[in-house]
Every structure is written in structure tokens, then in C-alpha cells.
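Labels A, B and C are assigned to the chains in the order they are written; within every chain, residues are numbered from 1.
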Amino acid sequence: MSDVDQRLEELGIEIPTPAAPVANYVGWVKSGNLVFTAGQVPLKDGAFQYQGVVGKDVSVEDAAEAAKLCAINIIAQVKDACGGDLSKVKRVVKLVGFVNGVPEFQDQPKVINGASDLMVAVFGERGKHARSAVGAGSLPLNVSVEIEAVVEVE
Amino acid sequence: MSDVDQRLEELGIEIPTPAAPVANYVGWVKSGNLVFTAGQVPLKDGAFQYQGVVGKDVSVEDAAEAAKLCAINIIAQVKDACGGDLSKVKRVVKLVGFVNGVPEFQDQPKVINGASDLMVAVFGERGKHARSAVGAGSLPLNVSVEIEAVVEVE
Amino acid sequence: MSDVDQRLEELGIEIPTPAAPVANYVGWVKSGNLVFTAGQVPLKDGAFQYQGVVGKDVSVEDAAEAAKLCAINIIAQVKDACGGDLSKVKRVVKLVGFVNGVPEFQDQPKVINGASDLMVAVFGERGKHARSAVGAGSLPLNVSVEIEAVVEVE
């Protein structure tokens, strides 16, 4: 069992089979050593979680849980890109997090911390990434968070 | 005539001369094998198309046409980056699509499908990309869609 | 003194020590020859500048100054990534600029020109980048602009 798999077990996190996009795109593309993922949303067991606008329908705390779910789905895509072996992840390079907040929302960083914290909990130093956290004007299916990633792999 | 040029002809799509940015930036930069494009908007023959907010001024169907136009302009930039030879495209790696929708808009994926479908129609398997579709709070000149791309070339 | 340092001196710009993120992410990650920066905001001497919504609280001119500050903070991160030697910058590859504008805002490009113009003033031809300028729905701490970058280094 790899270090990463061990940490996931300790955290009680099961990486799901990655969601297959329902259109003419894919969940990830690898170019050289970089894996670019599609934007991931808070999908769990096939159902959308934490739908709604942050600061109105969804609290900051719940939105951070949504961000954590996005991160789990990012890891699912990256695992697929690594042929199932997450020990091949060399570095989480970049996360861009879009938060579906009210116009006056200011706590995008607190929300996206839900994803950043998970990346470091799972991958350690290799999980420390550059990050942007911004407010979206709206998001698909009214989810509260969408996050995309660039990850360096072996 | 390359496969790609043949598909474009079959689709009745003419790739325009890429729009020259009017400021201190450029339409594309190549670094290693990756071409990063500037955000492309629904510009056709020098005029903006599909201006307005999706879900209010512009329908989802028309916004998907706007996304298709963005994709054509992305291909124009990539063609320029390839010295005119689109057969050098190895993979469309990533699209990020921003939709200028009403705050309650939820159909960003349907809109950006207009671009994703075109990429696959033109480049086949090599056109399948990772994708993010998000709502913008507003867009330049009130266009309904803006899309940027990362493309791997030979 | 490198060309870049000389230009900075002529422009009267001092590159600050880069802001250390206060969460589980970092200001930049280098992968191969590419430096990906975290989203930078108009922070100067530890204080946020130009907070507010563009088109309501903040003018386009002031927002362009905010974008210039973001660019200075991007350069600070890249300088750190280059071990202090900005002559190692081969190319500013990409900027993505998010503008916290009113819903009807249309002048994102004029705002982000504040960053683009600085990059070219500092790095010359190597500063010419691909760029996206979009409207955010909201931004962290109500800053008016956030910009992220991809930069190719030696």
C-alpha cells in the first residue's frame, strides 16, 4: 500500500470511480508530465451535493465541504490518469476554485481551503499547490463550488 | 490536404485570420509543446456576435453557437501557432469556458458543448479535451461567451 | 544589474517580498520550465488596495492600477521562483484576469491592460502573453481584481 493510499485510509476517504463526462470532453488529459483535469463539482455517488448560492443557501462551512468533495473528484481523475497508482503524483501544481457566492461574497479562500487542506492531508508537501479562488457569476446545476487542477505526475 | 483541413471543408467552416489583440498581449504563446491561447470571443468578420446575457437576452441555443464561434477563433490562433498547418495539433488539452449568464443560470455545460462538439468534429479523438464550464459575472463588450484553450502541438 | 532590474528601476517599481499564503497552498509552483502562480490581488505593504466593485465603487482607471499591483505581486512570486534573478524569465506565457465588476461591466480588457502593460514595460517582447479578461461574480475580501499567471523560466 502506498503512502498516499495509507493516508486516504487514515482519513476515511474512498476515491470513487471518476465521473464520465456526458459530452464531447473527458475528465483529464495528460500532456508531457502534466495532467489537466476537467472542472470537478460536488458529486457523490452520482448525486449533486451542496447545490445553492454560498452566503444565501449554503454556509461557508458547507461550501468548504463541497470544495473537499471537488478535491476528492479531482483525485479520482488523477488516479485514473496514473493508471490507478496515486504514488505517481509528483506535485499538485495548481488549483483554480470557482465559488457560486452572492455578489457581496468575500470568503472564497475559506471555501477553497476545503480542497487545499485535503490535498495536503493526502499528498503532504507534494500536495502544496498554487491556487486561485474566485467568485463565479453562476455554476452548472447551481452547485456551490467548481474546481479544476493541474497535477504533475511521473 | 490534411485530414483536419478536409473535415473543416466538410463542415463548411473557414478558419479566419486570427484577430490581432489591440493591447500589450498576443493571441497565443507557445511554451514547449503547449500553445496557450488568449480568451476568444464570438467575433466574426470583425463584428461581435451574440452579445448579451444568456437566460435573458440570448438563448442557450444561440449561446452554444457563440461558443462554436469562440472555438473557431481558438482554432485560428492555434493554426497561426502551427505556421498554418493544423495537422500539427496533437491534442486539444484544455478548454475553460466562461458564460455570461443570469445569476440563476445553470446550463453552462450545454453552452460550452458548442465548442467541445466542434473540437471533436474537427480533430476527432485528438479533439477530446478536459473542460471547465463556469458562469462569469460579466464579460468584455457584453459577449455571451469567452473561451480559452491549451493545445499540445508537434 | 540585469536588463529587467534596470527597467524596474527606471519605472520606479520595487518588487516586494512575495506574500506568504496563510493556508495550505503556496505562491508558486514550478513544473518543468513553467511557473504557475497563485492568484494575486492588489496587496501593497500588507494592505489591500482598491477594494470594491468596478463600475460602482472603483473606477476603470483605479482598477487598472489594481491590475498593475497584481502584476507586481506576480513578478514578486516569479522572482522568488527564479531564486531572485528575474533575467531567468524567458516568457510571460499567460495571464488570466478576473475583474470584480457590476453585472453590466464591459471594460475588463481596459482593467487588465494595467497588468499587461506592466509586463511588457518590464520584460519587453518576453513580456507579451496570451490573456483572458473576464468578470468575476465576486472576489476575496472584495478586491477589485485578481490575476494569475503562467511564466516560462530558464
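As a working rule, a residue touches a chain if its C-beta (ideal position, glycine included) is under 8 Å from a C-beta of that chain, and two chains touch if they have at least 3 such contacts.
Keep in mind the model is a prediction, meaning the values are calculated, not measured.
Between the two copies, chain A and chain C, the Cα superposition rotates by 120°, quoted to the nearest 5.
Homomeric contact chain B/chain C is classed as different-residue, with under half of its interface positions used by both copies. Distance between chain B and chain C, defined via averaged C-alpha coordinates, is recorded as 25 Å.
Residues of chain B in contact with at least two other chains: 32, 96, 100, 103, 135-138. By the touch criterion given at the top, residues 21, 23-29, 31-32, 36-39, 53, 96, 98, 100, 103, 135-142, 146, 148 of chain A touch chain B in their complex. The touching residues of chain C, counted against chain B in their complex, run 32-34, 91-96, 99-109, 113, 116-117, 119-120, 127-138, 150, 152.
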